[in-house]
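A short worksheet on the structure shown next.
In this document, chain identifiers A, B, C and D correspond to the written order of the chains, with residue numbering beginning at 1 in each.
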Amino acid sequence: MNTGKIPVGILGATGSVGQKFVELLSDHPWFKISDLAASERNSGKKYKEAVNWIQSTPLSDKIGSIKLKKCEPELDSKILFSALDASVAGEIETEFAKRGYFVISNAKNHRFDPEVPLIIPEVNPDHITLIKNQRTKGAIITNPNCSTIGLTLALKPIQDKFGINKVNVVTMQAISGAGYPGLPSMDIIENVVPYISGEETKMETEPLKILGTYYENGIVNSDMKISAQCNRVPVIDGHTECVQIALDKKTGLDEIIRCWKEFKALPQELNLPSAPMNPILYLSEANYPQPKIHRNVDGGMAVSIGRLRECSIFDFKFVVLSHNTIRGAAGGTILIAELMKAQGYFDGVIC
Amino acid sequence: MNTGKIPVGILGATGSVGQKFVELLSDHPWFKISDLAASERNSGKKYKEAVNWIQSTPLSDKIGSIKLKKCEPELDSKILFSALDASVAGEIETEFAKRGYFVISNAKNHRFDPEVPLIIPEVNPDHITLIKNQRTKGAIITNPNCSTIGLTLALKPIQDKFGINKVNVVTMQAISGAGYPGLPSMDIIENVVPYISGEETKMETEPLKILGTYYENGIVNSDMKISAQCNRVPVIDGHTECVQIALDKKTGLDEIIRCWKEFKALPQELNLPSAPMNPILYLSEANYPQPKIHRNVDGGMAVSIGRLRECSIFDFKFVVLSHNTIRGAAGGTILIAELMKAQGYFDGVIC
Amino acid sequence: MNTGKIPVGILGATGSVGQKFVELLSDHPWFKISDLAASERNSGKKYKEAVNWIQSTPLSDKIGSIKLKKCEPELDSKILFSALDASVAGEIETEFAKRGYFVISNAKNHRFDPEVPLIIPEVNPDHITLIKNQRTKGAIITNPNCSTIGLTLALKPIQDKFGINKVNVVTMQAISGAGYPGLPSMDIIENVVPYISGEETKMETEPLKILGTYYENGIVNSDMKISAQCNRVPVIDGHTECVQIALDKKTGLDEIIRCWKEFKALPQELNLPSAPMNPILYLSEANYPQPKIHRNVDGGMAVSIGRLRECSIFDFKFVVLSHNTIRGAAGGTILIAELMKAQGYFDGVIC
Amino acid sequence: MNTGKIPVGILGATGSVGQKFVELLSDHPWFKISDLAASERNSGKKYKEAVNWIQSTPLSDKIGSIKLKKCEPELDSKILFSALDASVAGEIETEFAKRGYFVISNAKNHRFDPEVPLIIPEVNPDHITLIKNQRTKGAIITNPNCSTIGLTLALKPIQDKFGINKVNVVTMQAISGAGYPGLPSMDIIENVVPYISGEETKMETEPLKILGTYYENGIVNSDMKISAQCNRVPVIDGHTECVQIALDKKTGLDEIIRCWKEFKALPQELNLPSAPMNPILYLSEANYPQPKIHRNVDGGMAVSIGRLRECSIFDFKFVVLSHNTIRGAAGGTILIAELMKAQGYFDGVIC
């Protein structure tokens, strides 16, 4: 049946983020899942036999019956979503790009390659043009870390209007961010773990590239200073972040709230299927946002902010919440693909 | 039976902190529970009939059979621990002090009265002499807020040696801090609530008085700047705090860790019964401290610290953990009483 | 605007079940929310100002702006959903019925009145005719207890085909079943409470009426024996029940599973808007059903069953899971209203 | 230093139960930890370097510095506690017994060997004599499954006095019973898993041997019928069990409660160090026992029972709670060793 949809594949389809790609792409208006690829030992099995499905919507028989392929560049779909583990993502993604595939990746490996864009579609859509420097038939495009995305979306409109020179952030991150099996229940039930390996460095560096400026075929990083402290808490989905900012220009609480409320960007203008109507929801209740209540706003693609107030050390402090496996992983990555499709990048590869 | 112990009373004995006083005083070597006082409607009932006992050790029959009295200054014990609710503590405590009682209080009402000491025994034992300004036969002495105590203990040895000018703190606080019934389970299971009424102000002001200097019959507050952000997480006991500090003098990680490890103070010198052998435990594991593992160190009276590292915005950042209902409430208040007893304040009132 | 929808009202609209009615009726194809009624002290306030909204989808401005009325029989809507507390539901519902309102109630008060039907639409739709005995202009129709509904739906197809003489059930019930604020978090986090007031009696008696036979203008109760034990566990939504049954006729595992899989009833035939396509989902995985994974199957209106196996004391044992606030409360009650509408009961009252 | 204590070893010392043995034996009046043995890859490492210590009391330096040995029969201690995984326990334990070691095991492998006793010291201490049939220099003695022990202790005094012919049990088991890492947090937070591999069979068979009669050098199993359903709930420690029993002789609620309250057995008479003063605590509060409140009664060695009431299908129903890693595993196994020591079994092996 020719649905007119673009066939896509998922690398690392059995893992936690891979499953989220499957879930979010199951009814996608533009893309249809054609290839599911996983580790060699699962190759040849039906997806439903290899996966330990932990999503809250049931796996359809149609997708469950797809036979898993190897992560080798002989897939039919030219557009691939990568949910590969960082231990293998680097080389596999490079290989696919060389062979003409567009790999939109949630893995960390290529995020800081100078010719690889690190994209939040509402923040730096112009960075996608970096891929012309990749000198491959295909390309690699990366999605930032889950805890980076909520933060950077919150910073973007303020950065544009008032300039930010310092950002301090302390996170309370959900367990789904650790993948599956992830944290043993004995370690996190009724507990806080004040450490997530590598996470603080990601939060202190990724926003600098994302908020950087495209200039002479490269990105000039933002020079704001970021200090991050990352914690794991017993929440299933939704990263909560306490943020403090120091600004270049003086302004007031109302102006900042207005910035957030009015913020719309290219994905909204293009009316991309996964784009939230408003990327940022500002909540005025004293005790909001909360992961259990707000993580699913606009299908998990909007970021919720609350508690903006003045700070005696920085200028302002506030709380940001975003869904870590939707906006912070699979959903954000799909939005990049939608943006690229809308901008014609995939014109040659549509079946 | 004359045990030689000092009879003490508990005001607000049926509430969550009141119960913790009962639990911790049940086997105390110096004090014996003689009076349990609560709201008028419970007066005359046996304690076990009025209390909804939620501690993890069973209530003894002996204490359970004590008849509740009213919170009126006709109790036999002259030393009283106050676990009264802030809505009534102010006046009741004043009345008792006027009538010659020593009221050592966990309530917030009198913490900032200029002649009332706000005490952490390891930090500012000298402030107790403030009570001579109270012009009452008895006296009111206060214990700080639960989230203040862990923080201030961590700051004290660094403040003494290197001087601290800025403190930034984000807390992840246990639900037992909200008393009982406290938070509805629907609000906090699998959730974070980024707001605790009044808590940030307490954390931003109490340490200034505690770390202040006794001078000409009063306290000159510390002039460090503190910014606090307080969150509730689904942990039963134990407040975890992410702290950043800017120092007056340069120093290194090892020096700070040594400061903490070597820190001992008057309660340790006096070998007070509730004093931890070391007020501060520094842990070198990357993912420590954790409430489930460390809240009970030294009977819940020691503060655990970990993850000291350099900070790109402040000088250093680290994680502090303390048991909020023991060190942060009942246990800390009892330690004040022990200190006062050891210093002879109660000499005239021992039966 | 005439939407052609039937105006309905909600009694007790601010409580936990009341909110669920609001959420589920917000986009209903047949009904539109016209009246929200609550306690006298909230009367006159806008709904959003009186309610502590705890649902996971945001409250719309349109409904949030509705002014609360008193629970007095002067509402415009003739079809009312009652989420009233049992302490007041009895008299208020009677009063409304007398005055010509159809009250479809989630409260327990009238469930055993001989002329009041106790309905699960897939199980005993014929019992609705009981209301002709009520001798009021309106009528009261009741929805069973949340833990009864999952159980009775599971029993129905087996009862019809093989006869059941004994039912043993042990529940693990979600905290949302206790309303709001319900259980204090200190009581249920990392705990089990092996007692729910009144619940075991409801489970032991309600199925007998529901599975009873309409005969000579009344219901002859089923004579099966039921023994229930009810526990509260730290799950937000979804009651899990371990069930054992002894049958009149011998049969095998496959026959019972087939019974469940093929089970369809009047709501499915009538294609009612809230009716699940299949009331029962049988799962063959060894560790299913689970509340986190299956409570939302078919919008929370289907019951999930698994682990059917032989029992050495009874004949069979299995596990049933159902969403306690959707199928077990608001959703189930709405389905009754849909059934009545489809059968013409509301023909005279449609605006 | 000759402490006069018997040197003991722990097989499988790094796992979850192994750690509990270490914790409980650290201050034991009769035994001292001399050998810690684990898998070959950890052999030679210091214990603290190989173990991921998850107990709530800190690991002492003295024990942390013990060098791990292999699980080969060349250990110095002749008394060994086995916390080995079932995948290897069978052969290793046999080998040790052949070579003259007393292996008191928490593993399931040998529980049903006809010449191996399956012991709860308060229930069937006489079964220990079975070991004379083992025809080895040493012997294997086994401890039952964690969920069996609480149940069987509750049944024993009733069985003795009134006879029990049917037992129906539904469990709500803690996650620590699954070892470490055990259940992924994504699988159990805010969830119930109605399945534990192999557990129901253990509960349906082990009590029959334990409550069996020693006769002509063997055990004649009890012929009571047991049906078990096992669930995992988000509780850290403490198994809660809903139990129903049918008796041979008629009796009343008070008689059964008296049986439990008066129950004392050989460990109490011998005043064994780990024996609870009363093996069974009966609680009359409607909502007790609860794991968070009662799991640690008498050091976690007493079983708490509550809610005894009549049952319409069986004769009685009630709730049992026991600490699964103390009474249900390491503590119960140590109590067996204490019993054997008190009875002279170790006389020849004391250093």
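We adopt the following convention: a contact is a pair of C-beta atoms (placed from the backbone, for glycine too) under 8 Å apart; a residue touches a chain by one contact, two chains touch by 3 or more.
Note that the structure is predicted; figures quoted are calculated from it, not measured.
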| item | value |
| --- | --- |
| Label of the chain whose CA centroid is most distant from the centroid of subunit D | A |
| Selected pair, greater C-beta contact count between B-C and B-D | B-C |
| Inter-chain centre distance, subunit C versus subunit D - centres from mean C-alpha coordinates, in Å | 43 |
| For subunit B paired with subunit C, centre-to-centre distance based on mean C-alpha positions, whole Å | 48 |
| Where subunit B and subunit D are represented by their mean Cα positions, the distance between them in whole Å | 40 |
| For subunit B, residues contacting two or more additional chains | 54, 189-190, 234, 236, 292-293 |
| Residues of subunit D defined as touching subunit B within the complex | 54, 56-58, 189-190, 292-293, 296-297 |
| Partner subunit A, residues of subunit D touching it in the complex | 16, 54, 175-176, 180-190, 234, 236 |
| Contacting residues of subunit B [partner subunit A, same complex] | 166, 168, 170, 172, 190-195, 197, 204, 225-227, 229, 231, 233-236, 240, 242, 244, 286-293, 306-307, 311-314, 317, 319 |
